[in-house]
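Scrolling down, you'll hit the structures one after another.
There are two complexes below, and they share chain A, which is joined by chain B in the first and by chain C in the second.
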Partner chain A sequence: MEPTNTAQTTLADPELFDRHLSGRENLPAWWLERKKEAWKRFLDLPMPNRKNEEWRFANVNAITLDGFSLPEPDPAAEAEALEQSTDFADHAGRLVFVNDRLAAHDPVGEELAARGVIWMPLEQAVAEHPDLLRRHFMAQPIELGSGKFSALHTALCSAGGFLYVPKGVEIEKPLVAFHWTASDQTAVFPHSLVIADPASKVTLIDCHYSTEGQTRNFITGVNDLYAGEGANLAYLGVQKWSRRSLAFQLNSTQAMRDSTVTSLNLNLGGKLARSENHSQAMGEGCRNEMLSLTVANGNQEFDQRTLQTHLAPNTTSDLLYKNALLDEARTLFSGLIRVAHEAQRTDAYQTNRNLLLNPAAEANSLPGLEILANDVKCSHGATTGQIEPEQIFYLAARGIPREVAHELLVFGFLDEVLEKFGRENLAEELRAHIRGKFGRS
Partner chain B sequence: MDTTAIDIEKDSGNFLYPEKHRYDAGLGLTEKTLDYISNVKEEPDWIRDFRKNGLRVFQDKPLPTHWATEDLKAINFDAIRYYLAGDRKASRTWDEVPDDVKQTFERLGIPENERKFLAGVEAQFDSEAAYSNIKDTVAKQGVIFVGSTEGLKEHPEIFRKWFGKVIPTNDNKFSALNSACFSGGSFIYVPPGVKVSHPLQAYFRINAQNFGQFERTLIIADEGSEVTYMEGCTAPKFDTATLHSAVVELVALKGAKIQYITVQNWSSNVFNLVTKRAIAHEEAEVKWIDCNIGSRLTMKYPGVILKGRKARGEVLSIALANDGQHQDTGAKMVHAADETTSNIIAKSISVGKGRSTYRGLVNIPKHLKGCKNNTECDALLINTNSRTDTYPAISVRGDGNSVQHEASVSKVSAEQIFYMQQRGMTEGQAMSLSVNGFVNDLTRYFPMEYSVELKRLIDLEMEGSVG
Partner chain C sequence: MNQLEIKNLNVSVAGNEILKDFELTLPKGEVHAIMGPNGTGKSTLAKALAGHPDYEITSGEILLDGESILEMEPDERARAGLFMAFQYPSEIPGVSIANFIRAALQARLAEGEEMEATAFYRRLYEKMDMLKIDRKFTSRSVNEGFSGGEKKRNEILQMAMLEPKFAVLDETDSGLDIDALKVVSEGVNALRGEGLGILVITHYQRLLNYIVPDKVHVMWDGRIVQSGDKDLALKLEEKGYDWVKTELAPA
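== the complex of A and B ==
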């Protein structure tokens, strides 16, 4: 396929939407209708503006819809990506999408299937489980600024993992969804939707990868998690998009009574990667743990927006975002804890730690609170600093070479997040990805 | 604890006297208003132009409601008197001060003997200084302590060099408004090496309905000098909202120290939209101590531009928001030289439906080394319908810079109150003691008379907050 002229392609091209719909006429009418509405909303909404508080400090000038189109089939690239989809091999089920096209589907085992577990590509679920999809697909509020990109995602999304875990079912091994970009100047829209019914337990892993490091891609991913009463839901996102990509990742969580949701996002790729993570404490006694680990180098920019909403009393949320910055990288953490008047006896914590490993790196932190209830324990902390010479000296005095000491301290800084996440078998694979970013394997 | 019955004595500290004004620029703000002010004050042309430029910027800039509260829209700029002045010239001695002004001081609770300790009293009655007295010792030290109008006329060589340089007219809509119609406020110059032994103090007061007060204060501390300035505000209660929009500029030259203390207790119909900023040169220190108890809406973020190596900036802030009040306060620390340090400690208390907001800005750009910032924000929520927000923004680059920000939100524990009640205190007294304890580690940094006054104000505000 010849690359089209970049000066003329744009994601706001109506023909592009028509092209997306063609071949999808057999999908349910409500689904197509939603897409059409979303497409219109996308066209109507303005591009982000720094005057808008949700985009404060953001590099909005680097955000463009131009020069991207939808990917064409590329069997060779699909085969290559499929071959590389080997991470987290000890899984309960796998889906592989390359350029938004389904390349592999490893279903869950017979036993789980018999108990009603659903693990299938999104468009198959649209046809087979319309009630669940109608109720939950893109049903969470967009509060962190990316309304336009959320609408774009709804309009053009086709690839994604749909996971439904019935009441009381516990799945020990994780489900893994791979989303690959494999062609230059293309846009993809990875989606994940997890519905964990009461007292169930499950882990989903999203692997957002590119087959090679220098393709220019536009990615708008959405991941929505629903944890029913007493459910235990864990999510792990590994983001290694190509170095020239513009990526938006919008994650939302709803935690019902006594449920626990833990999410960890490892951010390594992209040129400009913005993530919006919103956790909502909907039922008493629930707990949301939001973790993030970012290693930014070169001229990468990571724009992280978080919101911890507490709508019910006796709920807990705990957020820890750590960023290590090298070279001329830039990170932006903007977090908000919002406690509604009804949500008495909330415990909400928010911590952002930035480690500057080069004087030209820039860390921005906007940790916010909005508290409308008085019987709460809320705190936030943000620190930005360097590795102290005393720490290096201490280790060097014990015979550890300086470079090794430096590395130990950096990994020690990052490892706190992995320790909080627990799940040591998964953490070890994450450590390998982090080492890779630091040029070691 | 049950917190439904909230009944606060609103009239404590209110006072109102009949007005007689010789100069009145009328309602609304136009070029004519500015000409009127300039004519009355017999100002030079450059100030006249400065005012008119301020008006243009003010009219061009939208209200900052994209981040600030929508309550700003309640201000009717056309229903405000921008300039009023009584038939009083600045007085030199206490005997010359008119009796009704003395009566106001009486009600403000400044004891006679305390006045002796005040190095110079610049008391603003409405827009003009009604009383101005610089104690001999301070004048002999070469300190200039006059009203802003006097300053710009009599000391143009110093005044003009710094006026509007720390806070440019177009900094924000309200600094532009002040630039257009400022009157009153102080001009202080402290010569090199002079340590002003007594704090300089000014009391401000609004006493005319619908009358906005727009002081302009400029303080220059020359190399190695030290000065403390205190500003206390009380205002009578009125039926319609009044607007207070001051601009305060501080310049601390090499090695100088400035401490600026404010206790703000405007009545609960006042919009208090103030821009305060300092420039700290090499090894200079600027400390803002800012207490906001009154007003309907206060928006005030004292800042320090740390321009010289090893400069230090500090903001200590206490805010108390009661029913119908929004204290939107904070601090800005702009690091612009190596090894500069800044410290922000902000404590807020929300009572009843009161809302307190902290907004902060800390910026350390990339070419700097060895800068440090520490920020602590603690919020105390008294009632179930109280509200608090925190919105800091921190940007850090450079080498060996470190920044830490911490905020916490808490309430007065029922156990504490119970413990004190067991020992014979009423619930209100116990609450008052707890709140004073919450701010105590900040107020101990304050000059004694201010911490006493603050304690009294908190007691007053906490009356009837529990029931």
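== the complex of A and C ==
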């Protein structure tokens, strides 16, 4: 049931921004200045409109700033969420944020710290490592439509993981950042920033969770990855926001010469979840692998926009987005490969595959290419398959209940992405999350 | 009680009445064959038993060990002990044979009970060897890119693994060359026993050279018009289905 005071709060309330700033006066002036500029930009920019190419076919009517405010401290909820922050337990360091408040910080071990690895909450990094932050925080171009929400994020973001890996340092175990929503009608702004210097190796996992399945939350998350020359950077995002949430996730990657960046986003939660994923091939010989898995059920909507920009020659990007749709769920994939004039011998692939397990589900696909170089290998493909009633009957005739049949078919469909991602120990945890979506764990 | 009883069964498909007061009793431990020309309702019988939603049972009763299965969903019927080997098995993309059979067996266990993986694979390989199925098939997607013979052997493999009380083999011989027919028949024969009743539906007599039935029923226009021992199949082969039409069909 909608609370009656919904109309009284809005994220565009100047008082809300003042409240965010209060208590942050000690942060560096440049940081606060950026926030103020961003807040103004946020207010000035219009709400999304379907007439804009980036919002074509989007359910813009479902996007609202109203009915949300910033979370108040809630020690009980924080304790509960912290207790549940047990996924990916074999990690090299952990951060837990609940309602955008820091609840736990497990630093990296002494050896990594001695070698210069930085793993700390964003606001601490702002104070302690201003040069890195000034250069890299929200420094990526916003190309996929969410300029307004990006500005809002810059203005209100406080919770995040900052990870810096110096040259030549390889970290085998992942770093894990938990971001929880734990109260109704609140907004959070999770941030992740990874700077992997040349020849380093690291994996970051973002866990975007809600303590309750039915809280109504507004989330604008950002994740920016910088892979220096020859670095190997992997990112895993697990999105399980509550079922009534409105979520934006804006991810950008810059890959320098000979680096490899692999990202996998598992999308399970939210009412309407929009993701914008932009990879930029900046240096010769780099490789961007962009993977996504979505299981959409009920009346969930997933709106996915991707851009693969190739700015340097001999670069590769490979995108595979797979969406499994049940019930009356809806997905929209819109992808673009953009190859600059000088980016000769680019290999760029973009594949979106959808599986409809119910005729009432709806998958849309808008693939696109924009190629200025003349010596490239680019392809895009989109397919939507449907599970036929005869296939379900066949499974039933072996004694397999409908739910389990759906689960088997979804796993059969999605497993290709997990195999591409490799990292079997992580993949196994992802499978458990997917199983959880089918009400079994 | 230890039998599958079909009583006065009337089944229609898209408003057309296909089975008409169909009667059959299949005791455990026996193999019965149903023969008949195309379009006489043989496959409808199989689908109706398995609970296919397109096959509407307008009246009659199906009792499995004395219990009615009419109100059961297809998966419940299967777990109650009914198995159908499909004439045209579906392809299940992305689901390996091993995972498929495991899920089917898991569905038969109580909540929270887990299958032991080693024992499962040992049994699976044993049955695969019996059916001369290459172990590489374990990880292949169910029926995807399988030849006709491979699909049918896969059906019998599932039957062997699921250990039903009653099995209906719907035109299992169709699309099989003589070698595949022998392998499939040997597989079925190996499963014959006290605890299993088998209904073999076929158009041709040749399958019954390998799976020798205890009883043969001849079907015409939605009902059984003659029953006999295995010699009836030979007689039918000799005289052809015109004989059924002219001699056996009710006036």
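Keep in mind that, in the parts below, the second predicted complex is superposed on the first by the 415 of 441 C-alpha atoms of A that agree within 3 Å, B and C clash if a C-alpha of one lies under 4 Å from a C-alpha of the other, contacts with A are read in each partner's own complex, and residues count from 1 in each chain.
By our rule, a contact is a pair of C-beta atoms (placed from the backbone, for glycine too) under 8 Å apart; a residue touches a chain by one contact, two chains touch by 3 or more.
Because the structure is predicted, anything quoted here is derived from the model rather than measured.
Of the two partner chains placed around the shared chain by superposition, chain C is the only one that A:G399 touches, whereas chain B remains out of contact.
When the two structures are aligned on the shared chain, A:K377 is found in touch with chain B, with no touch to chain C. In the superposition on chain A, A:D415 contacts chain C only, with no contact to chain B. After overlaying the two complexes on the shared chain, residue contacts for A:Q344 are found with chain B alone; chain C is out of touch. By the touch criterion defined above, A:L133 lies against neither chain B nor chain C after alignment on the C-alpha atoms of chain A.
Within the superposed three-chain arrangement, the count of touched residues of chain A is higher for B, of the candidates chain B and chain C. In the overlay built on the shared chain, the residue A:A81 is in contact with neither chain B nor chain C.
When the two complexes are laid over each other on chain A, chain A has residues 385 in contact with both chain B and chain C. Contact residues of chain C toward chain A in the complex are 50-53, 73-75, 78-79, 83-84, 86, 89-96, 99-101, 103-104, 106-108, 141, 158, 162. The touching residues of chain A, counted against chain C in their complex, run 385, 388-391, 393-402, 404, 408-409, 411-413, 415-416.
Note for the complex: chain B touches chain A at residues 66-67, 350, 366, 369, 379, 381-411. Per the touch definition, chain A reaches chain B in the complex via residues 51-53, 56-57, 341, 344, 354, 356, 359-386.
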